[in-house]
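What follows is a set of structures for review.
Two complexes follow with chain A in common, the first pairing it with chain B and the second with chain C.
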Partner chain A sequence: MRLELGKIQIKDVQFGKETKVEGGVLYVNEEEIVNLVLEDEHIKSVKVELAKPGEETRITPVKDVIEPRVKVEGRGGIFPGVINKVTTVGEGRTHVLSGAAVVTCGKIVGFQEGIIDMSGPGADYTPFSKLNNVCLVVEPADGLLQHEYEAAVRMAGLKTAAYIGKAGANVTPDTVETFETKPLNESAVEYPNLPKVAYVYMLQTQGLLHDTYVYGVDAKKIVPTILYPTEVMDGAILSGNCVSACDKNTTYHHLNNPVIQEMYARHGKDFNFVGVIVTNENVYLADKERSSNWTAKLCKYLGLDAAIVSQEGFGNPDTDLIMNCKKIEAEGVKTVIITDEYAGRDGASQSLADADKSADAVVTGGNANEIIVLPAMKKVIGTLDFVDKIAGGFDGSLRPDGSIEAELQVITGATNELGFNKMSAVTF
Partner chain B sequence: MGKVKVVHYINQFFAGIGGEEKADIKPEVREGAIGPGAALNAAFGDAAEIVATVICGDSYFNENIETAQAEVLDMVKKYNPDLFIAGPAFNAGRYGVACGTISKAVKDVLKIPAVTAMYPENPGADMFKKDLYMIETGNSAADMRKAAPKLAKLALKVAKGEEIGSPAEEGYIPRGVRKNIFTDDIGAKRAVEMLVKKINGQEFVTEYPMPEFDHVAPNPAIKDMSKAKIALVTSGGIVVKGNPDHIESSSASKFGKYDISGVMDLTAETHETAHGGYDPVYANEDADRVLPVDVLRDMEKEGKIGELHRYYYATVGNGTSVANARKFAQKISEELRADGVDAVILTST
Partner chain C sequence: MNGILITNNPAAEKKYFGSMKTIYLENTDYIHILYSVRDKIHEGHKLLTHPLSGSVKPNQTPYKSIVISEEKGQLDFDSLKIIEDSITIAKKLLDEKPTREYSQKILDDFQLIDLDLITGGIESMRQF
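Right after this comes the complex of A and B.
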């Protein structure tokens, strides 16, 4: 599969009469977005607000972040199986409104939504402070249950991102990058002397609002399977979860998966990057065993020399991570795992809920329990009502002056386990 | 701060009094620097000065820890120093333990900054590295020349309350405290680089060395459940409605203790979950799904268990640190034991 990714750099976002991209500025028609979102009877109202880098703006409670993209050549459409037909994607050409995002906000559970600060110390910890964000503050219809609310907000975000993405269809991209993965046998012939590597991509599927979707399928219900890396760039994997903000993989993270990017960067030089194995993080022991058995089996079947394994979430999924690592290593396939840590506010606790000797090569996104103080912001998109309650917050997190003292956990994407950030932790 | 006043602690050997045969000498204090103190003074330059040296035999200290500690603290206190340094102890085991013990006491009791130095395999290192900054030395006094400047530099920083860098920068034994740092490259790039090194058999450094894992063996089974007093303990966050103890939805810093005498069934009106790690709808509808009070009441009636303990304990196991969990468990088990509970059913989520 060969995909061209045409990136249109978005430097600013403004409301306008027509949704379009002109001179690097994204104009969005507020009314059309509102109408699109209100097509869903589960939603009572939606407010569209813009947040730009450097502004004294705080967005919370954040549910998902989505990059607007559009397919301009090749089979299928963006977000297959959800927004477009379930056609296999990952070939042809896709345009990206790079530097823009749709941010969905809503008090879905009041627990596991996050904070994005557009400036100040908090902005250093989230990649989304650097984007021009179109925020949807979604109010549910009366009596809507949490999981119905989540589904409605998720669809609202994806529909809006697809709608905005279309504005890039006829714009000449600033850069075009090409990614290609050939069928296994062909790549083995092309690079006979290079070690074969793959990416084991763990998806958050603990259930009860901790779900991820692959081509529209709830990933709890999949067995580990193989994707071309370019399928992910066209939205084959979508976030539908409310786990702690710091280490959930938003849809934006999936679309821009940095492990895939970095593996392509070394493909054909240091190794032959043959593909992606997606697997899940279910809560039942039998599911954990089956899935980790299968990832190890697929690694062996592909004849891999090495693999990178990335995690999503923490605690319970630590066991899936360690099971995957242990079993893949036992097949003679070398691993590097990517995780983050919950070492306590003082950093003195054990960081993971599971451990094994075979996990000798670990990259960490940092300690999510570390405390940060976020100054008050002039503007709040959403509401501060849940700051004390969201994971990482505590009684008194929100101070009377509007500043916040909380764990890094509250910041969307802060300790990302796809290795999206320039952060780590060391033992002092 | 002017010139930093330092009291230095050394053993009988480094004071030049004698070896093993003099290891039982009691603490004594002398004005100025003695033995290794000279190297430290040289490293301090004008920034600090050793005003007194306390000398104690290693056997005496270790065999009379409480008395020796009190005696040394008294001597140190008299000089009211700005800084206390013990050692370096290198690989001398009892000397290392003495350096760690007395440094911690000076820090905790006298509230005077204290620093020491030893070889990482000295038993004193494991005992005190979490409490103290401890410069890593070689295993013998031959390393004094290298160790003294590092020790003097770190000690001055600690005395002045300056920010302490990483173990690699400062030369101290890692204290086991994880701190976040910003890096030059993103995590994914670091991962791919590590993978290439691992494939090629080159050396690489993991960012998180795996810890020794704490496995707890279950107790032997109860022989006669019909007489057993059973308690319920949960990390699933089931609390009295309204969460009166304000247990956090994640990273809990406390647990709650709730009376269920006479409660036959948990309902949406009486109980709910404080846990932030799962969809609360089903737990809030019927908290027995997480904390099975109803079933245990049935079993109590049927005579399958002796009785259900009148209190249950609850916390939130969502990102709660192992240190906090251990602390809660110690407190809860003490109380359960005092209340004559025979067995506990632990439920998660």
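Right after this comes the complex of A and C.
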């Protein structure tokens, strides 16, 4: 499967009469976005606001971040099984509005989280401060239940990202990157002397505000399966995970998964990147046993020499991570695992809820318990009403002057477990 | 598979009372739910759902629902390891920053999330 990603660099976003890209500027028609979102009867109102890098703006509570993309050649459309037909994607050509994003906000539950600061110290911890963001603040219809509200916000974001993405269909990209994964036998013949390596992609799948979708399927109901890495770039994996802002994978993270990017960069040189195994992180322990058994089985079946395993979330998924690691290693396949830490404010405590001696190659995305002070911002997109109640906040988190003292947990993407951040740790 | 629900979540108790064996520990905090589950594991019950379900941390939500096996047998060391590791992590977070007081609206939301997570586990359990 071969995919060209044509990246159109977006340097600014503005409201305009027509949604289009011109001279690196993304113009969006506010009314058309509002009308699109309000097609859903579950939504009472939506406010469209723009947030640009360097502005004194705070966006919260963030639910998802989505990069606008459009398929211009090849089968299917972006976000298959949800926005477009459930056609297998990942080949042909896709245009990306690189540097732009749709950010959804909604107070689905009373304890809220997810802060993106567009400037100041908090901006350093989130990759989304560097983007030109089209923010949707979504208010539910009266009496709407939380499940329906979450689904409505999720769909509003995806629809808007697909709508904006279409503006890039006829624009000549600034760069075109090509990614190709061949069927297993062909790649083994092509690279007979390179180790075979796959990516085990663990998805958050525990329930309301903790879900992920693969081709529109609730991933808690899948058994581990194999994807071409390029399918992920076309939106085969979508986030419905809103809890734990620092280490949830937004849809933007999935589309731009840095593990996949890095593995492609080394494909054919250091190793043969044969594909992606997606698996889940369920609450029921027998589901964990089954999924980790199958993941290890698929690693063996593919004849792997090594696997990179990334986790999503805290606590419960630590058990899935270690089960995967132990069982894959027991099949004679080396692993490197990627996680983050809840190691106390000083970083000295035990980081994970599980451990095993086979987990001897670990990459961390940072310590989510670290304390940060975020200065007041001139503009708030969304609401600060719940900042005291956000995960990682505490009584007095929101100070009278509008500044916030909280743990890094509050910042969207701060300790991302795909490595889409700047923090880590090195031992010597 | 038959399980016993151990919970301090009134919404979970309300939903499952009558349809499965339930030990409702009203006015018990999060860590003491974990201790109760550990006691049951020492009695020979197996852990069926993960004690640290959800990304809402043990020092953020006051509610916890866990399912253990109805049957008793020999001490299950896998269950014991998971509950002990979970207690270590929960205690560390609670010692550093205890759970706060919340309004009823927020408590209702915490109950909803805990209920949804355990419902996913119970649905898996009831497949067979």
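Please note the rule applied: the second predicted complex is superposed on the first by the 421 of 428 C-alpha atoms of A that agree within 3 Å, B and C clash if a C-alpha of one lies under 4 Å from a C-alpha of the other, contacts with A are read in each partner's own complex, and residues count from 1 in each chain.
The definition used in the following text is that a contact is a pair of C-beta atoms (placed from the backbone, for glycine too) under 8 Å apart; a residue touches a chain by one contact, two chains touch by 3 or more.
Not measured: the values here are computed from a predicted model.
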Would you mind checking whether chain B and chain C clash or fit side by side on chain A after the superposition? clash
Touching A:Asn282, do we find chain B (first), chain C (second), both, or neither? second
Determine, under the contact definition given at the top, whether A:Lys248 touches first (chain B), second (chain C), both, or neither. second
By the touch definition at the top of the document, which applies to A:Ser292: first (chain B), second (chain C), both, or neither? neither
Look at A:Thr181 in the shared chain and tell me whether it touches chain B only, chain C only, both, or neither; answer first, second, both or neither. neither
Determine, under the contact definition given at the top, whether A:Lys220 touches first (chain B), second (chain C), both, or neither. second
For A:Thr319, using the defined touch cut-off, is the partner it touches chain B, chain C, both, or neither? Pick first, second, both or neither. second
Which of the two partners, first being chain B and second being chain C, lies in contact with A:Ala306: first, second, both, or neither? first
Please work out whether A:Gln204 is in contact with chain B alone, chain C alone, both, or neither, and reply first, second, both or neither. second
Which one hits more chain A residues, chain B or chain C? B
Return first, second, both or neither, reflecting whether A:Thr412 touches chain B, chain C, both chains, or no partner chain. neither
Where chain A meets both chain C and chain B, residue numbers: 109, 111, 146-147, 206-210, 243-244, 314-315, 342, 344-345, 349-350, 352, 354-355, 369, 389, 391, 394-395, 409
Chain A residues within the chain B interface of the complex: 109, 111-112, 124, 145-147, 195, 197, 206-210, 243-244, 258-259, 261-263, 265-266, 270-271, 305-306, 308, 314-315, 334, 336, 338-339, 341-352, 354-357, 359-370, 389-395, 407-409, 416-428
For the chain A and chain C complex, residues of the former touching the latter: 109-111, 146-147, 204, 206-210, 220, 241, 243-244, 247-248, 282-288, 313-316, 318-319, 342, 344-345, 349-350, 352-355, 369, 389, 391, 394-395, 409
If you look only at chain B, which of its residues touch chain A in the complex? 130, 164, 166-167, 174-192, 194-196, 198-199, 204, 206-211, 213-214, 246, 248-251, 253, 276-282, 317-319, 321-324
Name, in rising order, each residue of chain C that touches chain A in their complex. 1, 47-50, 52-58, 60-61, 82, 85-86, 88-89, 92-93, 96-97, 100, 102-103, 105-106, 108-110, 112-113, 116-121, 124-125
